[in-house]
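Below: one structure, written as structure tokens.
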Amino acid sequence: MNSKRKQRLLIVLGLVSGFGIAVGLVMFALSQNINLFFTPTQIAKGEAPSAQMIRVGGMVADGTVDRDPQSLKVAFDVTDFDHNVRVTYEGILPDLFREGQGVVVQGRIRSGQFVASEVLAKHDENYMPPEVTEALRQSGKLDQMMGGQK
Amino acid sequence: MIFEPIDIEISKLSCERDDRLLFKNLSMTLNPGQILRVAGPNGAGKTTLLRTIAGLFDIQTGTIRMNQLPLKECLEQILYIGHKPQVTKDLTVLDNLKFLTGSDDDHLKRALSDVGLKGYHDSLVKELSQGQGRRCALARLWCVKAPIWILDEPYTALDVEMVKTLDTRITWHSAAGGICLFTTHQPPQSLKYTTLELDHVT
Amino acid sequence: MSLERRMLTRELKLNVARPGEIFKPMWFLILVVSMLPLALAPDSDLLSEIGSAMIWVATLLALLLNTEHLFQSDFSDGVLEQWLFLNRPLAWLVGLKLIAHWLFHVLPLILITPIAGIMLSVPTDVLWALLVTLVIATPALTCFSGLGAALTLGSSRSGILGVLVMMPLFVPIVILAAGVLIRAMDGSDTLPLLALLGAFSVVAATVVPIAVSAAIRLNIGGSN
Amino acid sequence: MGWRWFHQWGSPRWFYERAGRWQLVCGRLALTLLITGSLWGLAFAPIDYQQGNSYRIIYLHVPVAFLAQALYAAMAVCAVVLFVWKMKLADVAMQSIAIMGFAFTALSLISGAVWGKPTWGTYWVWDARLTSMLILAFLYLGVIGLRAAIQDPDQAGKACGILVLVGVVNLPIIKYSVEWWNTLHQPASLKLTEKPAMPASMWIPLLINILGYYVAAAYLILGSMRAIVLERERRSAWVRELVSRA
Amino acid sequence: MLEFQFASLAAFFEMEPHGVYVWPIYGLGLLVLGGLTLDNVRQHRRAVRMIQRNLEREETHEL
């Protein structure tokens, strides 16, 4: 019947336009930075909005961790080996937090400093026996390896 | 009004429900003007057969065609009234029928007076008695243009007078070339029909 | 009168006849919101911080509460099976029913959230964000919970099960909505997230009615 | 010939008889692999430089987590087969996979939590992977609950099929949204496409255990499917004959 | 490659300092796999018994 075919056509049209609109909306959303995730380089270039909650990922730079002996305050640099961002944080750090460790910090930029409200230690997907780590460290390859993968 | 000629062709229809074979290799053709009573003991599969022909159950094996077309494409030619009330309690008689039939008010009021519900069009269905509710559901027979009627136990809860009225309506429908299938446990007196006996298939 | 108008008029009249169905979820929402400050200390800073999220969750629950029986009465009256004879694709009719449900049951719920917001001293701009997320996200929520309701139609002890079954599917919606609220509190750009939410609702509105119609057919085929 | 290999699956009897044999093979293979892999992982694999001995949980956690996700996909395939070819066996498979899937998801959640304690310092964080695993568990529970609520097995099967299919469309979205929301968990340790980022003495036992758990799941699913087939086909002649012979 | 990593069997069970985490998990895994296997066997046996009962009932009917 003719009306049946027309109905079917309308349904297909509806489905196609529905998906079309959805794809359009998703494309629009993805063209914006939804993640609000920045690298230290981006922050150094001033690309990150200030006073907004953002996330920064990188490595804890060696020899930059300052702990306040009286309180839980801690400050450290997060680096992507190009630029550093100074992060201050007050609270209990995760067990895996150490120098040379990958971290994601969440917080806001206040007067040039990053005030973190949360510090997440990223445990990487590498499993290694200690001897291997030691060998790598001695040859200086470890940092390269760790830096190489974000 | 005379219907376009329509026929239903059922071939090799079988149905199994809850591991029980209800009917097997059922084949028949329903011609314009035919009135068929499906009879059989409780649980013989009368309702199942009716609902299958109405397209409410999937066909397990076999085919049903209407005017050579598959059943699924001709559902709007069917008027089905089942066990359930078919009307919503919280709506008025008129609103219920308006939704199901799409007819205008005058037409519907005439149909209501035909089934003895004159003046009840503004009452909510929940205010009616059971028999009156049934009459309300059956009022659709007076205002719908579908050529195929499938009525599951249409006579339940009806008084003698209404039974007679319904018989007359079905006779007219058949005279106009329509097809009517129904089930009942009280064989109607004033209706000419053929009977299909469903027995337990063992 | 076209079938579509008939359908919507019927829904309207049904809702006029059963006003309780509309007010029950609203009452629930207000009750939850008034219990919250009693359970917490009435610290208005804390309240305004978590208030919008609480209202969102409470609205979600209230919505589930009234979608649970979306098709139940039509199904047991046998009106639902009459839809198959109406010369329209079942999915289209289901879509109309869902639209009507959204208009008559969900929209009123959204409209009273500002009252809840004032009770929890939610800041005005966050309140706006809350309203917008609810308007954009509820079509998807309605569709999914409608599917839950349709899947459990034939089960004698369905109750809240249909809704529970659908709960996991709400996760992306809740996360996105929460993201919008957090950003609104920061005063940052909420548009991209709203676009994602919108995409979700559009996809749900196109696909879910088809799944619902399959579920309804299934239950009509099984009821005996 | 041609499609016969496929249509055979339409016969519950064919399946029941063959599955018994397959089950035996799977059971033995699984036992061997699991014992080898677990012992190797627990006793002979070297200790990890950061996590110490606690990392040995991965020899259970990783395979089980893989399995939990793979089983949902398998369930979705079954749902498609059920709707396209109306194959009853697919429904039986869906029913047993739902239960096994839930068991493995729960096991991966618990083992993950216990692993998280020494590693992250907490049993539970609302992290992306953990959250999406939790939701996966809820999805499995939903399928199980829906089936339990509907009496007629055919109807229950179809309803579950719809739910599974809707779920499978949503699963990537759930995963994506949750990941965007909060990520702490490391990426997968073993990828098919890349060389593993751990020495052979660590990943070989892991691989053995992954295989072992897959075969074990096959063993369990076959076993449960056989029981369900027997129950559903209780009125058919071959089952009666089989039982009266026993 | 296949070298026992622990000084003694006791150290193996100790698994310093993570034995309390590792061993219960493996125990649980064993429990789950074993439990599911047993459940399958039980379910199968129950199905067989039910069918047998039905057959017996039918026989008494026919007599």
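Here are some notes:
As written, the chain order gives the labels A, B, C, D and E, with residue 1 at the start of each chain.
Operating definition for what follows: contacts are C-beta pairs under 8 Å (C-beta built on N, C-alpha and C of every residue); 3 or more make two chains touch, one makes a residue touch a chain.
Just so we're clear, the structure is a prediction, and the values are computed from it rather than from any experiment.
Note on connectivity: the fewest steps through touching chains from chain A to chain C is 1.
Each chain's centre was taken as the mean of its CA atoms, and the one lying most distant from chain A is B. Looking at which of D-E and B-C shares more C-beta pairs in contact, the answer is the pair D-E. Distance between Cα centroids is largest for the pairing of chain E with B. Note on chain placement: the centre of chain D and the centre of chain E lie 16 Å apart, centres being C-alpha means.
The centroid of the Cα atoms in chain A and the matching centroid in chain E are 43 Å apart.
Averaged C-alpha coordinates put the centre of chain A at 66 Å from the centre of chain B. Our note on geometry: chain B versus chain C, Cα centroid distance of 37 Å, whole angstroms.
Shared interface positions of chain B, defined as residues touching 2 or more other chains, are absent. For chain D, the set of residues that touch two or more other chains comprises 46-47, 118, 152, 180, 201. Per the touch definition, chain D reaches chain E in the complex via residues 34, 38, 40, 42-47, 52-54, 56-57, 60-61, 64, 100, 103-104, 107, 110-111, 114-115, 117-118, 200-201, 216, 219-220, 223-224, 226-228, 230-231, 234, 239-240, 243-244, 246. Chain C makes touch with chain A in their complex at residues 87-89, 91-92, 182-183, 186-189, 191-193, 195-196, 198-200, 202-203, 205-207.
Listed in rising order, the residues of chain B touching chain C in the complex are 17, 47-48, 51, 54-58, 75-76, 78-80, 82-91, 95, 98-100, 102, 124, 146. Per the touch definition, chain D reaches chain C in the complex via residues 131, 135-136, 138-139, 142-143, 145-146, 149-152, 154-155, 158-159, 162-163, 165-167, 169-170, 173-174, 176-178, 180-181. For chain E in complex with chain D, the residues that touch the partner chain are 1-6, 12, 15-19, 21-22, 24-26, 28-29, 32-33, 36-37, 39-41, 43-44, 46-48, 50-52, 54-55.
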